[in-house]
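Got a structure here, written out as C-alpha cells. Questions coming.
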Amino acid sequence: MSTVARNGRDLRLPFVAVLAALAASLPWLLGSYELHAVIVALTFLLPAYGLNLLVGYTGLLSLAQAAFFGIGAYVTALLAIHFQTPFIVNLLASGLIAGLIAFPLGVPALRLRATSFVMCTLGFVIIGQAIAKNWISVTRGDMGLESIPRPSFPLGPFSFTVSTTTGFYYLSLVIAAVATLAVWLIVRSPAGRNMVAIRENETLAESLGVPAWRYKIIVFMIGAAFGGLGGALHAHYLTVVTPLTFQMQYSTTMLVIVLGGGPGTISGVIFGSFLFVGLSEALRVAPELRMIAYGLCLLAIVFRFPRGFAPLIDRAWRWIGGER
Amino acid sequence: MFWTLVEQVLNGIVSGSVYAIVAVGMTMIFGVLRAINFAHGEYYMLGAFGAWVAVEYIDLPYPAAVVIGILVTALIALAVGWLIMQRIVGATAETGVLATLGVALVLQNAVIFIFGGSYKYFNGGYIEPVTIFGFMLAEQRVLIIIVCVLVFLALEAMVKLTWAGKAMRAVSQNPLCCEVVGIDVGKVVLQTFALGACLAALSGALTAPVNVTVYGGMGEIITFKTLPIIIMGGLGNVRGTFFAAMILGVAESLVATYIGLQYRDTVGFATLMLVLMWRPHGLFSTRARF
Amino acid sequence: MAFHIHRRSLLAMAGIAGAAAVVGPARAHRAEDGTIRIGLVAPMSGPNARYGSFSLRGAQLAAKEINDAGGVGGRKITIIPGDSQGTPTEGVSALRRLIERDKVDYVIGDVTSGVTLALQPIAEEANVLLLNAASSNPTITYRAGKGGMKWTYRNYPTDEVRALVVLKYAAEQRKLTKFSVLSVDSDYGRGAIAFTKKYLPRFNASIVTEDYYKEGEVDFRSVLAKIRDSGAQGILMYGLADTTPIIARQMIETGVAGKLPLIGNGEFNAEVTIKAAPRALEGAIEAAAWLPAWDNPRSKAFVAKFAAEYRESANNHAYVHWETTHLLAKGVAAAGSVDRLKVRDALSSIKYESAMGEVTFDDHNQARLPMVLLQIENGAPSIKGAVSGEIEYPRT
Amino acid sequence: MSAAPLLEIEGLAKSYGAVRAVDGVSLHVDHGEICGLIGPNGSGKSTFFDCATGLSQPDSGKVRLDGLEITGWSLDRIAREGRMLRSFQKTVVFSALDVEENLVIAGQMFAFPNVASTFGIGAAARTRVESLRIQARELIAAAGLWEVRHMPAGNLSGGQQKLIQFASMLMPKPRLILLDEPMAGINPKLIERVMDSIRYANRELGVSFLVIEHNIDVVTSLCARIVVLDQGRKLAEGTPEEIVVDQAVREAYLGG
C-alpha cells in the first residue's frame, strides 16, 4: 500500500483492543437501564443482519422480519415451556424453523417485483399476528405465553443460568459476535459476491451463470433464520411472548436500522442498531416530543446520509489506520 | 340467504368506497414518485382532525368543516411535499420508505402532542339511517358512495382533459422525458402529492361522522388497508384502484360474515398474495397509468 | 508527528468522554427533595396513545389533587411518564429507565396486558412496586402475590366475576339465552368470553356466532347484519370505550338497535355513547367498575374536575389511573414511609374507600373491587345491584 | 470435431401480442466459427437472441447446443451448464464493483460446482477464488485495463466497459459467445481493439461467436458467414461477399 498517503502509525489494532475491552467492561460502566438498551440493540442486530443480507446485499426490500422474529419467539417459548429444552437448542431450533417457514413463503413472494414483494412481506407480519391470535390451542392467543425460563446451559458440573442483566448482556454479546462472524463469512464468501452481483444487476448476473432465483430464496431463508434467532433471544429476555411480537413496528425498526445505518455493510448495521435504539432511548428525556423528534432525526439522516453511515465509518476506520 | 349476500356485498361497496378515495391518492403519488407513501393514512387522519377542530373549536357546520379539513391538510401536504417529497424524486426506493416513515411519525405524534392522544368524539354529519332498496344505511354513507363516484369521474376527466392531468400522466410514465420537453417535474410531483393528500383528507372528513371517534394514531390502520389495494389495482392505475378497493371491501365484508371478523384485517393481504400468485403484476395493468 | 500525537490523544479523549458520558448519569443520585416519584408506563405515542393519554391525565389529576391538599405526609407527588408505545420491548425500556434514571419509588402500568406481563419480572428483580390499573389478563395475578411475584398488584377487576354476573342477569332477569359475541380481539375481549363460556351451561345458554374486532376497527355493518339474522337474543360485547359508539350507531343502521341489547362491558353507560345512539343502547346490560354517572360525590367531583382540566370527558382508563394514584398515596400514608417494602405491606392490608366502595387486595395481590351491574333505561344507567366476588385461582 | 453444429436453432418463433417478433427462424453456428447476424431495426434480432439464450422463452422452436437440447432452460442455466454466454447492449458491467470483482464474479459459477459450495469458507474455496483472481488479472492486463483494475467499473468509459464485459465473458472459458452489438456507442479507435480481442479469443481460445452488429464493415471483416433477418424471418444467408450484393438485403435495408 505504498500509494496511500500516511499520516501516522496504524492504530487499528489498539483501537479494536480498546473497543473489546470496553465491551467486556460495559456492565461496570453502565447502569442496568443503559445495559438493557445495549441488550436491545444487540438483539435487534440479529434480525437486522438478516435484513441486511436481503436488502443490503441482495437488493430485496423486505418488511417480513417481524414475522420471523415472532416465529422465533413462539418456537422458543413453546419448546422451553412444553419440553424444557435447553436454551441453545431453543435458539437454534428457532432459527432453523423460521428459516424453513421462509421457504414456502419466499417461493411465491420472490417472483414478484420490488413493490409487490414489499407488500407481500408486509402481509406475512399481519397474517402472522392473526395466526398467533387465533391458533389458541398452541399459542394461547392473546393470553400469550409467559414465564419463559431464563437461558440455562446444562454443562454437567458447570451448568449455569443466565438471570441477571449483566449475564444477559454477555450472552447477547457472544451471540451477536458469533452472528457477526457468520454474516462476515457469508458476505466474504463467493456467494456473498454473487449476492452483490444480483443486487447490482440481476439479469447481468444471470447471464454469467449466477442462479439468481436460488440465491434469493436461500438468502431469504438465511435472513428469516437470523430474524428467528433474534426473536428467540428476545423472548428469553422478556420472558413473555404475545401476538404483539408480530408487529409492524418491529419490522420498521429493523428497516430503519439497516437502511439508516448503512445497507450492504456490517459496520453500518452495527452502528445503526446502536444509533437508533440509543436515539429512541435518549429521546425519552422529552416524552411528549419523543416520537416527533425521532421522526425528524430519521428525516435528517435520510437526506444528510442517503447511503447510511457506512462511508463515514469507512473514513474513520482509515483515519485510525493512519491513512490520510 | 341470497338477500344476506346482496346486503353484505352492498356493505362491502360502502367500505370499498372509503378505501377507494384514500387509495387513489396514494396510487397517483406512487405513479409520479415511485415511492410507497407510508404516511398516506396520516393525511386521512389530518382531514378528519381538521374537520373535528372546525366543529369543536370554531362551531362550524359540517360541510364547512369538511372544507376546513381538506384545506388544512392541503397546506400541510404542500409543506411536506416541498420540503421532503420533491427530494424523493429519482432517489432510491429505500430513501422513499425511510422518509415517508419519518413523515408519518412526525405528523401522527405532532397531532397527539397538540391535541392530546385521547380519542375525540366527532359531532356532525348526516348519520340518520335511510332505507334504499330495502337496505338501511346512514345518509352519510350514501354521500360517501356518491362522492367516491364523483371523485373517480373527475379524476378520469382531469387526467384526460386538463393540462395538469396530462402532465401527471406524463411524469408517471417517464420523468426523464418530461424534463426534456419542459414539464417541471418537481411542480407536478408537488401538485400530485397535494391532490393525493387532499383526497385522503376528504375520505377522512367524510367518514369521521360514521366512525364517531377520531384520534392521532388513526391513520396507520388506513395506510395498511390501502397498501394491498394499490398493488392489486396495478400501481399508478386509477381505474384499477377503484375496482381493487371494491373487491377488497366486498371480500372483507364476506369474510366478516362467513368466517369471522377477527380475520378481516388479513383479508387484504391474503387476497393480495393470492392475486399475485395468479397474476404477479396485479389484477390491472400497471401500464395503463391514470 | 505532532498530528500523530494529537490523533492518539484524541482517541483516548474520545474513549474517556464516552465512558464518562455513560457512567455519569448512571451514578447520579436522585435529588433528595422529598417528592414521591411515581412512574407511569403507558402508551403515549403512536396509535395506542388514545389509551395512554387518558391514563396519564387521570394520574396527573390525582397527583395535583393530592399536592393541593398538602401532599402525602408533607411530600409532594410527581408523575413521571414512560412511553411504552404498546410494545413489550419499549415498555421494558421505559420501566427500566424510570427505575434506574428517574429513581421512581413506585410504578403504575401498563394498559396493554402483553406489556404488563413483560414488566412484571423487571419490577420483581428491582424490588419496585408495580401497581397495575388497566390490564385484564388473568395470568398477571395468577402469578402475583402467592403466585410468586410479590411486587405486582392489580387494582383492576378480573373478568371472571364480571362475566358470570352479566350472564346471570341476562339469563335470569332478561330471559336471554342465545348470544352473539362481538368483543375486542385482545386478552380482555377474548378472556371475558372464555369465562362466559365456562358458565354458559349453568344457565342453559348458548353462543350462536362469535366475532372479535381488531382495535381501531370502524366497520361493523357486515358482522351486525350477520348477528341480526343469526337468531341471537343479545350481543355479548366486552369492548373498548371508543368503539362502543361506533358499533351502537351501526346497530341503528343495520336495524339491530332495539332488538338485540348489548351485554357486557365497554362504557355503554357513558353519556357521549348514549347520546351517539340512544336507540341502540336502550336495554344494554353492563357490569362496570366505575361509571361517570355514579351517584357518589367523590366520583362526581372527579368527572367535573377532569372535564374542566382537559376539555374532555373522563373515561374508565382515566378513572382507574386516577383512583389507583390515590390508592397508592393512601398506601404510602398508611405505611408512614416511602420505603417500598413497607408500602407494599401497607397495600396488602389496605382498606381503601374508593368512589365505588371498599377496595382490598387478596393473597394474589388482586384487588377485590366493587362493581355495579347496570342497565340502560330511558337513556340513563339504572343500577341493578352491586357485585363483588372472590376469584377462583387455578391450582398450580 | 463432432458432427452436430455447436449451436443449432430450428424454427424459433416468438410473438408479443399480435406482433410476431420472430417468425420461425433457423440458424446454426459451427464449431470455431464467427457468425454474423444483421438486419434492420425491429427485424427481431434481439428477440431472437433473448429466446436463444433463455432470457425469454420462445413460443415454439428448438435450441440445441452441441447436440443437447436446451430449449426452455433459463438464462443462468444455459450460461452455467452450456458455457454459452451472451452480452447486452445497454447493461454491460456491475458499475459499483471494481474491475477485478467484475471478472471474478463472472468466473465464480464455473469454478464452483453448485450454489451450496459458493457459501464455502474453507481453504478449498479460497484457493478457487484466488485462481480466479489470477486469471482475472491476466485478462485485465491483456485488455489493457491494468491501471484501472481497482476502480469502480461504472466510472470508466463506455469502451472500457465493453472491454470489461468481453473479458468477463472469457472468464468461464466459454464455448460460444453471443454478442449483442459489441461496437454500439464506442469510440472508433476502440473498435479495432475489440475486434482484435474477438479474433484472439476465437483463434487462441477456441471460442465461437454469433455477433449482432450494425456496423457492416465490422461484420464483413469479422465473420465468415452472415445471416440476415427481416421482419422476424430469415432473409438471406451467405458469405459477406454474397450478402453485400444480395438484392433482397439491399431492399430490406433501404426500403424498410
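The first chain written gets the first letter, and so on, giving A, B, C and D; residue counts start at 1 in each chain.
To be clear about the criterion, a residue touches a chain if its C-beta (ideal position, glycine included) is under 8 Å from a C-beta of that chain, and two chains touch if they have at least 3 such contacts.
Everything numeric here is computed off the predicted structure, so don't read it as measured data.
Trainee: Write down the chain pair with more C-beta contact pairs when A-D is set against A-C.
Mentor: A-C
Trainee: Whose C-alpha centre lies nearest the centre of all protein C-alpha atoms?
Mentor: Answer by centroid distance: A.
Trainee: Between chain A and chain D, what is the gap in Å from one C-alpha centre to the other?
Mentor: 41
Trainee: Roughly how far is chain B from chain C, centre to centre by C-alpha average, rounded to an integer in Å?
Mentor: 34
Trainee: I'd like to verify one number: the distance from the centre of chain C to the centre of chain D, where each centre is the average of its C-alpha atoms, in whole angstrom.
Mentor: 70
Trainee: Provide the list of chain B residues touching at least two other chains, using ranges where the numbers run on.
Mentor: Expected reply: 108-109, 262, 265.
Trainee: Give the residues of chain C that touch two or more other chains, as numbers and ranges in rising order.
Mentor: 44-46, 185
Trainee: Which positions in chain D touch two or more other chains at once?
Mentor: If we look for residues of chain D contacting two or more partner chains, we find none.
Trainee: Which pairs of chains touch one another in this structure?
Mentor: Going through each pair of chains, those in contact are A-B, A-C, A-D, B-C.
Trainee: Across the complex, what residues on chain B touch chain C?
Mentor: Residues of chain B touching chain C: 4, 7-8, 11-12, 14-15, 108-109, 112, 116-121, 127, 129, 136-138, 141, 207, 210-213, 215-218, 220-221, 252-254, 256-257, 260-262, 264-265.
Trainee: Which of the residues in chain B come into contact with chain A in the complex?
Mentor: Interface residues on chain B, with respect to chain A: 30, 36, 84, 87, 91-95, 97-99, 101-106, 108-110, 113, 224, 227-228, 231, 235, 262-263, 265-266, 268-270, 272-273, 276-277, 280-282.
Trainee: Note which residues of chain C are touching chain A in the complex, please.
Mentor: Counting only chain C, the residues touching chain A are 3-4, 7-8, 11, 15, 18-19, 22-23, 25-27, 44-46, 81-83, 85-90, 92-94, 96-97, 99-101, 112-115, 117-118, 121, 126, 137-139, 143, 185-187, 190-191.
Trainee: Could you please specify the touching residues of chain A with respect to chain D in the complex?
Mentor: 185-186, 188-191, 193-194, 196-197, 200-201, 203-215, 218
Trainee: Taking the complex as given, what residues does chain C use to touch chain B?
Mentor: Within the complex, chain C contacts chain B at residues 44-50, 52-54, 57, 182, 185, 210-214, 216-223, 225-226, 229, 242-243, 245-246, 249-250, 252-255, 272, 276, 310, 312.
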